[in-house]
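In the two complexes below, chain A is the common chain; its partner is chain B in one and chain C in the other.
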Partner chain A sequence: MNQIAQLAANGLMAGALLALSALGFNIIFAVLRISNFSIAAIITVGGYVGFIVNTMLGLPILVSVVVAFLAAGFVGVVSDHIALKPLRRYGPISVAIASLGVNMILENIVRFGFGNDMRSLDVPAQRDWLIAGLRIGPQQFYNFIVATVVMILLFGLLRFTRIGKAMRAVADNPSLADIKGINPTHVAQLAVFLGAGLAGMTGILLSLDTAVDPTMGMRMILSVFAGAVLGGLGSIPGAVAGGLLIGLAEEMSLLFMPVAYRSAIGFLVIVIALLFFPRGIFGDRTS
Partner chain B sequence: MPIWSSLNRRMLIKGMAAVPALAVASRHARAAINGPIRLGALVPLTGAGGVWGPKMALVQKMVVDQVNAAGGIGGQHVEYYYEDDQTNPDAGVLATRKLIDVDHVVAIMGVWSSAVAAPTLPICWQNKVTMLAIASSDSLSALPHQGYFIRTNVDVLLQGQEIGKFAISQGAKNIFVLLAQTPFDIPMMKGLTGTVLAKGIKVGSLVYDSRKTSFRSEVDQALRASPDLILLGGYPQDNIVLLKDLYRAGYSGKIVGTGTGVTSQLIDGAGKDVVEGLYVVRPSPAVTSTAYHKLQKIVGMDTPDTSLCQCYDQANLALLSIALAGESSGTAIRDNIRKIGGPEGEPVDNAVDGLRLLAQGKKINYEGASGPCEFLPDGNVARAFFRTLRVSGGKLVNV
Partner chain C sequence: MLSYLLVISTFTAIYALLALGLNLMWGMAGMVNLGILGYYALGGYVSALITVHLGYPIAVGMIAGTLAAAAFGAASCIGIVKLRDDYLAIVTLGFAEIMRVASENEISITNGTDGIGQIPRPAFFGTETVFNISYLGFCILAVVVVLLGMELIRTAPLGRVLRAIREDATVARTAGKDILRFQVLALTLGGGLMGFAGCLYVHYITYLSPEIFQPQLLIYVFFALILGGRGNNWGALVGTVLVMILVEGTRFVAQAVPGLTAVQVGALRALIIGVGLVVVMQWKPQGLFPEKKRSYRQPQSSGEMQSANNVVGESAQPYS
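Entry: the complex of A and B
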């Protein structure tokens, strides 16, 4: 029983970061109706920005997280403007393929700048807390809290502000939103900025817990995409639920299958979701 | 000093001084080698092996540049082509096909990952191209490679046995092995268990997926076995996460890693507290050899790792084999590499000196930076050195 509770705790902690990235993926999808896989590299960018700000410049973690969000959002907007926007008229498949190319370019720019070596942020290693027989990593717990707060803030932004309403309007019907005076281009840029920013924030939070290396985003992307599909592409609450469920499923799978096959869970979920509920748990665009 | 700036004037002057001797005395090679000599390398510039690949390629290019500065082989220029295998078998196969079909290389050197070597080795032997590999999975030398496989690294079975001896020396009673899913899992376990089980030591293991970003549950599973020694059998990217998770979990037993999995970058990146006391059992370069000292100067590093040493040796060995054969082909390398690897002949530690001696009709014995470079019929090294190190105060020190 204790093992199941421990796996569930581990799954929730890991799932919170997956949810954050899946949220970024789905915000972009909801507004632009494109799958932007370059968020894998943007996760990496966030990790390296955190490394620069925290380790190289010696600034506090909180500042690093904010800068990572802003820098990743900026990189997302610029790369979208240069490489993806011109291809949108050729359809979502073209954009998705191009985003894989953008992903490779961004990852290798990072590699050219920093090499392939692993780097750590300037945070002391802390022993786990032991709570009711469960081991909880302090950094993972902080990450969970930060991810949760950010997700709540994002809900508030989308639900209660004019910007959020504009985004939801464009997501629902871009032509009608345009007629009502909402500039869909600006809303699209904002969606990309927020989506990429959340991916970058995932990168720095993950780096705080593990390490920074150029492949860190690519190692996450399958689980992130699985979370987005499971929750419903374009769905904001769906991304959160999907990310958390994937995190839980990957950990709980260890009860009945070897750990070597943990990555198969992501593929399995995508196949099952597309076969039996292709609109995801929450359906698409329910935000 | 940056690796790429270290081909200094002194070396070039030495190389130039050797030009007349090489030009005069290698007439037989000139007669037989038509056109440039094309050497290839399949190195991991990206992916899990990306920590090593770029430097590996640079070292080999420096060796080739030295030989070209000394007049080439038989008056022929040596061309060096390298491709990124991305530490990925699919990319490795495509890159191998490019090196063989487009660049027409006669040797593919620097193959680092066993997962990449496994599908690319058959392409090499079918095209009579010699593979000079670092990849250490035992299964590679067991393939029907017809001699077109030479490994400068120590095979994993031997490494497993050496780690087993280390565990016995440390008085371990219960070992747990955390292995990344790679072709070297089975020989590592075979070597380890073959050594320790007879001593009554208990061994548990799990194979994990190294593409994940967190290994807390894997660590939990390992700790449930209450081991007094944990062997990390993965790559640095996952080992750094595993080490942090073991530290957080309060594990107080011994931890040992392989030479591939524990690098100076990992030690710098993981944090002092996390890696303090970590042991590494690894094949050791021939640190007292003159080739090793030459390599230190070339790369501008105090302790070039075994991958760099092996790449240096591979380039020298391939070039000397071609010169001895007077023919630029994979078959020539295959048939002559054991003749220049000793143990008989005048000792040499670099291709330029070796070419001069060969040109004088002398027999040579190449003594490398990675080891004696004597090869068995199956392509494995006949002799190897091991070293055990321990992290103390953030630095690796000899045990």
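Entry: the complex of A and C
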């Protein structure tokens, strides 16, 4: 029983980071109707920005997280503008495949600059907390808190601000939003900025807990996609639920499967789920 | 230099088979499949295991590998044919990932990351060069046969149905076509073809490890088909040749830059290829040799019918 509670706690903490990236992926999908696979490399970029700001420049962690968010968002917007935007009129799959190319470009820029070595950020090693018989890693706990706060802020932004309402309007019906005077280009750029920024933030939070290396995004991305798909592509609450569920499922799988298959669990879950809900459990607003 | 050219040409022929298989699944039938390396690796593993562990001849291994991949292609339709483009892309990517994880961890079968060595080569008598030339000849023969077969499919009623499904599955179903059967057929044939390519690969380099799932190869094959022209078999072939020239060309470019480490050379090469993919997609979104529009004569009828779209083979949204 205690083991199950422990796995559930671990799963929620890992799932919060997956949810953050899945949210980024789904914000972009909701507004642009495209799958941006370069989110994987953006996670890595976020991790390395954190490494530069925190370890090389010696700035505090909180500053690093904010800078990683902004820098990753900027990289996302620039790469989208140069590489993907001109392809949108050829359909979503063109953009998705080009984004695989963008992913390869960004990942290898990082590799060119920093090599393949693992590098850790400048965080003091901390002993796990023991709370009610559960071992909780402090950094994982802080990450969970940060991810939760950011997701609440994002909901607030989408729900209550003018720009958030504009984004939801474009997601619901782009041509109607256009008629009402909402500039779809600006909304699209903001969606990509937020989406990439969230992925970058995932990257630095993950690297605070573990380390950075050029493939960190790729290792994580399939679980992120699984979360996004499970929740329903383009669904904001779906991304959070999907990310958390995939995180939980991956940890719970340790009860009956070898640890090596943890990354495959996400896919087993979504293949089974899609057999019953072909558009994800939270549906798909694009339908 | 000769042996380098022979090796690269052989790889080109093997990758051309992958591009042709992808053209059947995606170019003709419209199912984007990012899991193609799964079929490729499965064919390779089955053939390697049958020849190395069970000692059967290479021909038996290749046939078994091809059939296994074809069966997997048929089976994979269960999870994927109902899914729309983006869901399909992500799920198929996951299929290949599960297989990669399995190939790394089912050590009792695959020998894990150590890989399987001493996979037999076909016995062409003579020196290494004679072997390389003979094997290249065999691979080219395979490409020619497959290309002709694919052209037969494309021009036959079967190809027309596949294109109809690609353009609009609902209309094809209304016309009385059993969509699922044709989709399964495309996945089975395409999967088998990719499995066969995997067999050719392992019996050439005689070693197989989970590194066969290198993500760059997925990009190369899509790049080749997009560059050549999706839906066009000849385009798939020409695209593969051009992509391989680019891929190998970057080797010399990257090595010409002084003072780079091996990792940086690799990164620079991948970077150039990624840029190449994006540039080609923007510059020639339909590829160098776009699929020919197949226009049919307008039916002589009332004005309403005149507006009906009777152009097959051209999509309002290329690559969609």
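One rule holds for everything that comes next: the second predicted complex is superposed on the first by the 284 of 287 C-alpha atoms of A that agree within 3 Å, B and C clash if a C-alpha of one lies under 4 Å from a C-alpha of the other, contacts with A are read in each partner's own complex, and residues count from 1 in each chain.
Throughout what follows, a residue touches a chain if its C-beta (ideal position, glycine included) is under 8 Å from a C-beta of that chain, and two chains touch if they have at least 3 such contacts.
Only a predicted model underlies this, so the values are computations on that prediction, with no experimental measurement involved.
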| item | value |
| --- | --- |
| Clash or fit (per the criteria above) of chain B with chain C on chain A | clash |
| Which of chain B and chain C A:118 touches, first, second, both or neither | first |
| First, second, both or neither for A:164, with chain B first and chain C second | neither |
| Which superposed partner A:50 touches (first chain B, second chain C, both, neither) | neither |
| Partner chain(s) touched by A:209 [first = chain B, second = chain C, both, neither] | first |
| First, second, both or neither for A:35, with chain B first and chain C second | second |
| Contacts of A:105 with chain B and chain C, given as first, second, both or neither | second |
| Touched partner set for A:258, first chain B, second chain C, both or neither | both |
| Partner chain(s) touched by A:137 [first = chain B, second = chain C, both, neither] | first |
| Partner chain in contact with A:278 - chain B first, chain C second, else both or neither | second |
| Residue range of chain B overlapping chain C upon superposition on chain A, of 8-16, 62-70, 98-106 or 188-196 | 98-106 |
| Shared chain A surface residues [contacts with chain B and with chain C] | 107-108, 111, 115-116, 258, 260-261, 263 |
| Of all residues in chain B, those that touch chain A in their complex | 45-48, 50-51, 53-54, 181, 206-209, 211-214, 216-218, 220-221, 236-237, 240-241, 244-245, 247-250, 265-266, 269-271, 273-274 |
| Residues on chain A engaged by chain B in the complex (per definition of touch) | 3, 6-7, 10, 13-14, 17, 107-108, 111, 115-120, 124-128, 135, 137, 140, 206, 209-211, 213-216, 219-220, 250-251, 254, 258-263 |
| Touching residues on chain C, where the partner in the complex is chain A | 32, 79, 82-87, 89-91, 93-95, 97-98, 101-102, 104-105, 215-216, 218-219, 222-223, 226, 261, 263-264, 266-268, 270-271, 273-275, 277-278, 281-282, 285, 317-320 |
| Chain C-facing residues of chain A, complex | 29, 34-35, 83, 86-87, 90-94, 96-98, 100-105, 107-109, 111-112, 115-116, 218, 222, 225-226, 228-229, 233, 258, 260-261, 263-264, 266-268, 270-271, 274-275, 278-280 |
